[in-house]
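Chain naming follows the written order as A, B, C, D and E, and within any one chain the residues start at number 1.
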Amino acid sequence: MTGSNTIISLRQIKKSFASTEVLHGIDLDVHAGSHTVIFGPSGSGKSTVLRTMNLLEKPNSGSICFENREYGPGLDSAKLERGKPLELRRRVGMVFQQFNLFPHFSAIDNIAIPLATVTGISKSDARERGAIELKKVGLLPWAASYPSQLSGGQQQRVAIARALSIDPILMLFDEPTSALDPELVGEVLAVMRSLAESGMTMVVVTHEMNFAKEIGDQHIFMEAGNIVATGDANFFDNCENERARQFIGSVL
Amino acid sequence: MTGSNTIISLRQIKKSFASTEVLHGIDLDVHAGSHTVIFGPSGSGKSTVLRTMNLLEKPNSGSICFENREYGPGLDSAKLERGKPLELRRRVGMVFQQFNLFPHFSAIDNIAIPLATVTGISKSDARERGAIELKKVGLLPWAASYPSQLSGGQQQRVAIARALSIDPILMLFDEPTSALDPELVGEVLAVMRSLAESGMTMVVVTHEMNFAKEIGDQHIFMEAGNIVATGDANFFDNCENERARQFIGSVL
Amino acid sequence: SAREDTSKLNLVKPGHLVVGMTLQFPPQMYLNSAKKPAGYDYQLLRRLARDLRLKLEIKNMDFGGLIPGLVSKQFDLVSVGLGKNPDREKSILYVREYMPYSTILVTGKGNKTRPTVDAWNVAGKKITALQGSLAAGFVKTTFPKATLVEFPLQDSAFLEVVSGRADAIVAEANLYGFFNKNNPGLLKPVAMPNLRSYFGHWTVQLGNEPLKTRLANWLCEKQEAGIVKAVFRQQMGYKMPDLPACK
Amino acid sequence: MDNDLRINFMWHLIWDYRGELIQGLWTAVAVSITALFLSLFIGLVFALAKMSRFAFFRGLSTIYVNIFRGIPALVSVIWVYFGWSLLFGRNFTVYQAGVIALTLLYSAFFSEIFRSALQAIHKGQREAGMALGMTRIRIFRSIIMPQGLKIAIPNIGSMYIGMIKDTSTFAVIGLAEVVRVTQTINSQYFQPFVLYTAAALLYVAIAFLVDYIFKGFESTITYPSNGILYRFLTRKKRAHIQKLVDANS
Amino acid sequence: MDNDLRINFMWHLIWDYRGELIQGLWTAVAVSITALFLSLFIGLVFALAKMSRFAFFRGLSTIYVNIFRGIPALVSVIWVYFGWSLLFGRNFTVYQAGVIALTLLYSAFFSEIFRSALQAIHKGQREAGMALGMTRIRIFRSIIMPQGLKIAIPNIGSMYIGMIKDTSTFAVIGLAEVVRVTQTINSQYFQPFVLYTAAALLYVAIAFLVDYIFKGFESTITYPSNGILYRFLTRKKRAHIQKLVDANS
């Protein structure tokens, strides 16, 4: 069911809030080292798909396969061992639109405290790792600063460093730049770009079409809870789906 | 000092918060029917300039001339009669980045209640005017909706209708689209565009460079509390200031 | 008879006699089933007001409010059977004795302590009393080795014994009688002679000598005419011990 | 201690004296409601003082709040009822003294509640009003206060329950509220449990009721509201808006 | 009315009995502090119950809160001290009964305070913890609770002042706190104004002190904090971070 190089695959994922179904059966494979971009109008279900991938949302039906484990309600055909959500989440990093840094921890502790509790290493070791991650995103000098003392772009870079600290094999980004001042977008995209170049598998929901075009090798256009168009790296240049073309036009 | 067709002019405006000076002496003339665009990096003082224009910020020194009245601390050279802030504000409309609709009033009452208290007309007359303004921005069917029931784009259009209801001769916009989902930006820009076409005098702070280029006939680039470059409608194509060119590049 | 001149009596409200009391001690003073003041104190006050041609006005409140009320000139008189001590006399003015009390020692039904002062005056015995009452004073003087615990509400002091936390209570005999009538079989009086008898007083505001004199005279007059005794007998249901003689 | 101690619970007393008990509850409610309105008003004044530009008013408000927040109700009512009369020769009735004492204490609490509620209103609301040319007073009345009130209402409800409870202290000046009524009945029967239970039940019942009323009030001024009361109160306005929509479209 | 009616204010009593008064204050503080910790704990449990997935726990919490919020301290302590003993034959000491009664009442209030504070934490915080693979308990302990506590602290401070004041009611079971001490002295001298003034002063003083302590505590756990206490407590951590920064750059 999952190809040898498939990291995560969604099968027939349906999700309802209260009595409204917002995902109507999503199928999606993410290959190792690939960069998947999800875009589409507001409310189409992009975030919900992404959140389903690390089980922040529990699907009502369908199955998620990740590292030979099955999650979610599952399908009859599936034969894999079932996994616990924590196992999956400890291998998947996520970056949110609103950063969601912990305001009561300094930048380095935003990385170190979760890392220590999740991996069981000492706080002091976790801080050493934190320093390394902060350095990668160029924020080592701000290690002792609290989120409220950082600019939006800096906060999002800390959030990325934090997500990377648990050594994920898959990174999820949900509109990582849309809460930023236009000028600060660049610094975050730069970090994401170098992450993509380093071979990290990424799924990105974004409205930054230029960036999407540049890094994306799998493009997913969603509308009203369905994937209505998919394509490879050339999707933007020769997209056949009219709605997708129209949407790209309005946002670009 | 002010040309015959000058609606508002700022002279040597300085403004400090606590002990930090954030505007270092701004001079700016806005002509009737013109569309002034202010842009520049975050923190450069764009909002402060705009807010000074309707005296939401009181300058520490310098003078504002509007309709033959002088506001602010004033300059020695000025000879005009002094005006009261309320007089100015009742002739100037302002639209904020965060919309700032009143959450406890329906869309029509967001327009009608302030209108009634400011002009002294009856609530019922004010609602009639409200209905007309809502129609102009295409929101008449939502007259009874509360802000929380409207999308961001709709809220901002109500905010514009509200500002227009007091018959301003000058409209100020402070990043009116930057709190909106990319897809909703269009509908607000469309309203602003038709307002510009109708001949309204406008001062707009925005990062939407395409829009700015399209409607702007006076461009102001600010940095660190100073106006460092100004230009006419062709500014974007033949701007000589390097910092401004660089900034436009990063945002476009 | 000619209308008496009460203008020298420093009354709070001319023509009225305002009395503070706590109508929670039947049969001495209480609210009857018609919610009207009743009891020995009230009957005495009624006669007093009639003789002085004053309109009687009762202010009924918790004991805690009576002295503040008197001191702050809200009432002319407090009628609650206050016991006298030298410290209190620095703050209020005592009129004279009108209410005889006898305090008894009351213990739990099953208590086996011998009925002698010595058997009760030992360390470790816990004896309760109404806070600030003369009964509390007697515990201090009669059973100095025992532990005194005072309660602001009379029923708390009884219940402390009922719940077994305290060994006994010193209380006025008629209050015990009343408690026992409503909660029979929980407590029993120790068969010791009355610990002490004392008299409760009317009190007026410090410095109001004219009122004190007038009231004291009236009480003496009625006492000598046997009227006080008769009212007591009728209201309290038993014979009144002799009040101190009038000079 | 003996184990055969039987207490004779005369539960029928609650029924026998229902009239007095309800009357006591009514007294408690009457005093506390009067005090509620007064202390809301005074609390608002001190909240505004605390947010004033003038250090003098801010200081005054701080002192007032800290003093009256700290004083127990018992001490407060004794001072008002007896102390005032002692110092100034002016006598308050029991009812007045209860209202004043409660008002002093709770205006201090309400001042803090209002202050935090008003400060929670985003400053963009005030600025939007100013930009439309509204006067400061108008902005406060139409924009800030209605929104602040909504935030404050749940806390006001809690505090009001506290006010009702505090009236029980006023037995000391002879206010015939629930606890004093039960004490009076108790003095005839020595049935403290039965009677204090009755008191507790009445207080709990009124607490539930107050909670219910305030929740209803809150939902009425929540926007958009589906409360029946809201729909009833705004039916004219809504009809008018509908007419305008129809006429213009 | 004649002016020769004298009032004899024996102010020296305050000084004469300073030992007893301070002792009474100490008792009030001791009882209320014990009750504070207990009711914070129980309040937190009921707050979590109220936010539980299970309707049963939510219902239980609602009932508990509404009942104990409504009962006056006087009634509560009489039930705990006397009622419990009569019904179950188990005697609490005065101190225990005071602590239990206060805990019952205030755990209900704290439950509401915690609930609103915890609900004020943006759900993104919990999600960020989950996305990092933290367990629910860890997220609560390290992320939600520290932030919730900070929001709750000013309200806890106010409530604690209320708790100290409510101990004054426990005079009825003989707890020797300030009001009872003043009543005892008063029954000897009949000097209510002097003594109640002393009580009021002590209460106000302690209210100021509590306010000061809670403000200090709040500023210590504010982030980033410049409080001396904060800097002292975190000096090792900050030195460690500095070392790491230096080593890596």
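Heads up, the rule we're going with is that a contact is a pair of C-beta atoms (placed from the backbone, for glycine too) under 8 Å apart; a residue touches a chain by one contact, two chains touch by 3 or more.
Since we're looking at a predicted model, the values are computed, not measured.
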By that same contact rule, can you tell me which chains touch subunit A and subunit E alike?
none
Separation of subunit B from subunit D in touching-chain steps, minimised, is 1
Which chain's centre, taken as the mean of its Cα atoms, is farthest from the centre of subunit B?
C
Counting in whole Å, what is the centre-to-centre distance of subunit B and subunit E, each centre being its mean C-alpha position?
50
Cα centre of subunit C to Cα centre of subunit D, whole Å, reads 39
For subunit A versus subunit B, what separation do you get between their C-alpha means, in angstrom?
37
Where does subunit E touch two or more other chains at once, residue-wise?
7, 78, 82, 86, 192-193, 196
Where subunit C touches two or more other chains simultaneously, the residues are 64, 68, 71-73, 153, 159, 162-164
Numbers and ranges of subunit A residues touching at least 2 other chains
none
Applying that definition of touch, give me each pair of chains that meets it.
A-B, A-E, B-D, C-D, C-E, D-E
Going by the contact rule set out above, which residues of subunit B touch subunit D in the complex?
54, 56, 86, 89-90, 92-94, 96, 98, 100-106, 108, 113-115, 117-118, 124, 127-128, 130-132, 135, 140-141, 143-146, 148-149, 159, 162-163, 166
Quick check: in the complex, which residue numbers of subunit D touch subunit C?
1-2, 5-8, 10, 20, 78, 81-83, 85-86, 89, 91, 171-174, 180, 183-184, 186-192
Which part of subunit D faces subunit B closely enough to touch in the complex?
122, 124-125, 127-135, 138, 142-143, 146-147, 150, 221, 223-224, 238, 240-242, 244-245, 247-249
Write out the stretch or stretches of subunit A touching subunit B in their complex.
41-42, 178, 181-184, 186, 207, 247, 250-251
Residues on subunit C engaged by subunit E in the complex (per definition of touch)
10-12, 64, 67-68, 71-73, 85, 87-88, 90-92, 131-133, 136, 149-153, 156, 159-160, 162-165, 205-208
